[in-house]
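Both complexes below contain subunit A, partnered by subunit B and then by subunit C.
On to the complex of A and B.
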C-alpha cells in the first residue's frame, strides 16, 4: 500500500491508477485503498504548507482521488465503507451571493471530505438565506464561506447576520476564504477565521473539531 | 499653453520620471476604477454598461473630482455589454446577465479547448479558433463548428463549393449576430474615441494603449481553464510549451499593433497564474517566465512600457522579474511584500500599488492615510514608485479613495 501512497504523493498519476486497479482486482478492501489516498493527500497538504507543492499538485491530487473513487465505487457493495465511515464533523460550504468563483471552494470541498468531514456544498452565488435554511437542515459544525471579490464581504456578513438571527451564531464556527480576505475583512464579516488557501482552511477546521 | 495642456505634460512627466526611476516632483497616483464611478454616483453597474452617455458623464465627473495623474478610458473594458450580448459570450457573467444589477462582471471558468485538441491548436491555430474556439465561447457563432476547414478551400473546383455552407439557416443567424456585434463594436469605439479626446482635453494622460498576457495565462484563462492547464503541466508538458510558443508572437503583435494604433506607448499585462502559490519555482521558470521575459523585452524594443499587474503574492518571483532593462517596466503589486519589492527593484523597475482592497473597502480614512504614509516612506523616497490600490477599486468606500488621493498629493512631495 505504501507504493500507492508514494505514487499519489509524487504525482505519478498513471501509476496510482494502475495500482488502484491492481489492488481492487486482488480483492484489497476498498477502505484500505481509500486510506492510502487519504495518507497521500495528507502528505500533499503538508508539502503545500511547507511550500514545496502548489496549486497544480492540489488539483492533480484531487483528480487522482476522484478517479480512484470512481474505480472503487463498483466494489463498495451496500453503500457502507467510505461513506459509512465515521465522520469527524459537518461542514457547510458555498461561494457567497454575487460571486461565481469555485476553484478554491472545490479544493476545500475535496480536502475536507477526504479528511473525514461530511460536506454539503451549496455551489456558487449562494444567498445568505439559503445558508441559513441549509444550516437548520444540516446542523453543521462549521460554515465555510468562499469569495474572491471584495463585494463578497457584505454577502459573507449577511450570512453571519443570518446565523445570528436564527440564534445559532455561538453554536457554529464560521471561516471565510478567498484571495481578498484578510484580518480586516474577517473582523468586518465577524467570522471566526480567515484563510487564503484550502490547506490552511482544512488545518483550521481540524483544529476546531479537535478542541 | 492651456491649463489642460500644461497639466497633461506635468502628469506625463511625473509618471515617466517614476517609471525611469527618477524622483518626480511628487509621488504620482492613479487607480484602476472598475465600476467605482458608477457606485460613487449612485448609478447601477447595469445602467452604465448599457448607457454610454451615462458612462461617459459619470467617468468624467469622477476623474475630474479625484484628479489622478493618469486617466482611464472605461469603454473598451466596461462598455462592452451590447457586443458580448450580441455574441452570447460565455466567458463572462455581467450585470443583468447572470449577476445582479450592481455587480462588476465576473469571469467564468471554462475548459473551452479539450485536452485532446492541442494538436489541432498547434497545427493551425486560426482554424482551431474559428471552428472550435469561437463557436464555444461565442454561442451565437456555434454554427461555425460545422464550417469546412478553411485551408481546404484551395482553388477553383478544389473546395470552393464549400461556400454553400453560408446559405444554411443557422449561418444566417450567426451572420446577423456578427453584424450586430460589429455595429455594437463601432458604437463602443466611437465612445472610446470621444472619451480619449475628453481625457486629453481634461489634461489626463491615457494609462495604456494595449493589452497583453503571458502566453501561459492566455492558454490557461481562455483555452484550457485553470484546472485544465494545471493538470496539463503534469500530463502533457510538451504540448503546453508548444502552445505557449505559438501564442507568444500573437501576444506581442496584438499589443504592439494596439499601442501603435492608439499612440499610447504603454501596455497593460495582468499576471494570473504565475504567482507564488500557483506554481512551483521550477514550473514558473519552465512554463511562465521565459515567455513573460520575451514578451516584456519585445514590447520594450518597440518603445512600449509594460505595466505588469502582479496579482496575489509574488515575493519569490522578484528575482526573475528584475531581470529586465532598467527603468522600462512598471510592476504593480497586489499583496507582494513592498519592502522586499522595493529592495529588489530599486535599481531596476518602478513599483506600483499596493493599498489593500480590504482596507479601501472596509477600513477607515485614518487607516488609509497611515498605510499610504508607510508606502511612501518605504517605496517613494528616491522615486520609482506610483501610488495605487492593489487591484481595481470596484466597491471601495469613496471617503477612503479620497483619503488616498489627498494624502498622497499632500505628503508625497
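On to the complex of A and C.
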C-alpha cells in the first residue's frame, strides 16, 4: 500500500490509477485503498504548506482522488458512496453575494470532501437568505463563507446576522476565507475564524470537529 | 505600453495600515515612485470596509494627485459611492475600474462613466461568473460595448480586460486570454486592451518568470496596456524588449534610451 501512497504523493497519475485497479482486482478492502489516498493527500498538503508543492499539485491530487473514488464505487456495494465510512461532519459552503470568485471555494470543497466532510456547495454570489434556508435544511456543523472583494465583508456579515436571527449562531461555527481576509474582517463579520488558503481552512475545520 | 501602477491598493497590508493611520508620506512615495517608473495611470483601491471606503478613497485621491499631478488616477472599487467620492476629488478626469456584465455594475458604474465622461476598464464577466471560453467572454464584451456606445463613450475610452485566470487551475487559461485579446483587437480596434497579468502565476513557483513570459505573449496578441508593479525592473525590461521586437519601437530608440537612462538591464553598481 505504501507504493500507492508514494505514487499519489509524487503525482504519478497513471501509476496511482493502475495500482488502484490492481489492488481492487486482488480484493483489497476499498476502505484500505481510500486510506492510502488520504495518507498521500496529507503529504501533499504538508508539502504545499512547506512551499515545495503548489496549487497544480493540490488540484491534480484531488483529481486522482476523484478518479479513485469512481474506480472504487462498484466495489462498495451499499449506499455509503465511494468516499466510504461515516462522515466526520457537515460543511455548508459558498461564495457570498456580490462575489463570483470560485477557485478557493472549489479547492475547499474538494479538500473537505476528501477528508470526510459532507459538503453542500451553494456556488457563487449566494444571498444571505439562501445560506439560512440551506442551514435549516442541511443542519451543518460549519458554515464556510468565501469572498475576495472588500464588499464581500458586508455580505458575510449579513449571513452571520441571518444565522443569529434564526437563533442558531451558537450552534454553528463560521469560517471566512479569501486572499484578503484578516483579523479585522473576521471581527467585523463576527466569524469564528479566518483563513487565506484552502489547506489552512481544512486544518481549522478538522480541529473544530475533533473538539 | 500604457502602464497602470497597481501598488496603491488597500488590500495590501502596508497600504491598509497607511490608510488607517493616515500616513500620507507612505502613499505619496508610492505614487511618485510609480509615476517616475513609467506609470501613466495610478490605480487607487481603498480596499477598506464599505462604510469607510468613500472617505478613504477621497483621502487617497487627494494625496496621489498632489504627489503625481501628471498621472491619471484609476479609481478601483465595486462601490459606486467610493467611486463618486474619488471622482469629485480629481482634477484630471479619472479612469474607472471597472464596468462588467454584472447588473449592479451596469446600474451603478456605467452612469458614473457617462456623467463624468471617464475612461473605463471593461471586464467580460457577468452575474453567472467568468466564461471559460473566449467566445463566452466576447459575447459579454459585445453587450457591454453596445451599452458604452449608447452612453456616448467612444471606444477609445475603453480599456477592455480579456481576464487572466491562473494557469495553476487550468492548463488552457493562458490560451483563452490570448485568444480573447486577438478577438477584441480585431473587432474593436479603437479600444485599448489591458489586464492584471500577475493572476496568471497565482499558486505557482517562480511567479516572476511566468509573468515575464506572459507579458511578451500578451503584447504579441495586441495588449497595449498592463496593470503591474511599475517598479519591477525585470518585467519592464521584458515589456520594452517585446515591443521593440514586434516593430513598435522605431529604430529601437525607446529600448536604447531606456538602457542609457538605466531604466532597464542590470542595475548600475554604485
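Quick note on the criterion: the second predicted complex is superposed on the first by the 207 of 211 C-alpha atoms of A that agree within 3 Å, B and C clash if a C-alpha of one lies under 4 Å from a C-alpha of the other, contacts with A are read in each partner's own complex, and residues count from 1 in each chain.
In the analysis below, contacts are C-beta pairs under 8 Å (C-beta built on N, C-alpha and C of every residue); 3 or more make two chains touch, one makes a residue touch a chain.
Worth saying up front: this structure is predicted, and the values here are computed from it rather than measured.
Engineer: Mind checking the superposed model to see whether subunit B and subunit C fit together on subunit A or clash?
Structural biologist: On the superposed model, which is not a single observed complex, subunit B and subunit C clash.
Engineer: State whether A:117 touches subunit B only (first), subunit C only (second), both chains, or neither.
Structural biologist: Neither partner.
Engineer: Which of the two partners, first being subunit B and second being subunit C, lies in contact with A:98: first, second, both, or neither?
Structural biologist: It touches subunit B and subunit C both.
Engineer: If you stack the two complexes on chain A, which partner ends up touching A:60: first (subunit B), second (subunit C), both, or neither?
Structural biologist: Once the two structures are laid over each other on A, A:60 reaches subunit B alone.
Engineer: With both complexes superposed on chain A, which partner does A:13 reach: first (subunit B), second (subunit C), both or neither?
Structural biologist: A:13 sits against subunit B, while subunit C stays out of touch.
Engineer: Can A:23 be said to touch subunit B (first), subunit C (second), both, or neither?
Structural biologist: A:23 sits against neither subunit B nor subunit C.
Engineer: Between subunit B (first) and subunit C (second), which, if any, makes contact with A:37: first, second, both or neither?
Structural biologist: neither
Engineer: More residues of subunit A are touched by which partner: subunit B or subunit C?
Structural biologist: The partner that reaches more residues of subunit A in the superposed model: B.
Engineer: Taking the superposition as given, does A:135 touch the first partner, subunit B, the second, subunit C, both, or neither?
Structural biologist: In the superposition, A:135 contacts neither subunit B nor subunit C.
Engineer: Could you point to the stretch of subunit B, among 42-50, 150-158 or 312-320, that collides with subunit C in the superposition?
Structural biologist: Once both complexes are placed on chain A, subunit B clashes with subunit C in 42-50.
Engineer: Could you list which residues of subunit A make contact with subunit B in one structure and with subunit C in the other?
Structural biologist: The answer is residues 54-56, 59, 98, 100, 102-103, 125, 149-151, 153, 179-180, 182, 184-185, 188 of subunit A.
Engineer: Going by the contact rule set out above, which residues of subunit C touch subunit A in the complex?
Structural biologist: 10-11, 13, 46-50, 53, 78-79, 102, 104, 125, 127, 129-130, 166, 168-169, 202-205
Engineer: Can you list the subunit A residues touching subunit B in their complex?
Structural biologist: Contact set of subunit A toward subunit B: 11, 13, 52-56, 59-60, 63, 98-103, 125, 149-151, 153, 179-182, 184-185, 188, 196-197.
Engineer: Okay, in this complex, where on subunit B does subunit A touch?
Structural biologist: Touch residues, subunit B against subunit A: 93, 98-100, 103-104, 106, 108-109, 226-227, 230-231, 233-235, 277-280, 283, 311-312, 356-359, 361-363, 391, 394-396.
Engineer: Please give the residue numbers of subunit A that touch subunit C in the complex, ascending.
Structural biologist: Contact set of subunit A toward subunit C: 54-56, 59, 98, 100, 102-103, 124-125, 149-151, 153-154, 179-180, 182, 184-185, 188.
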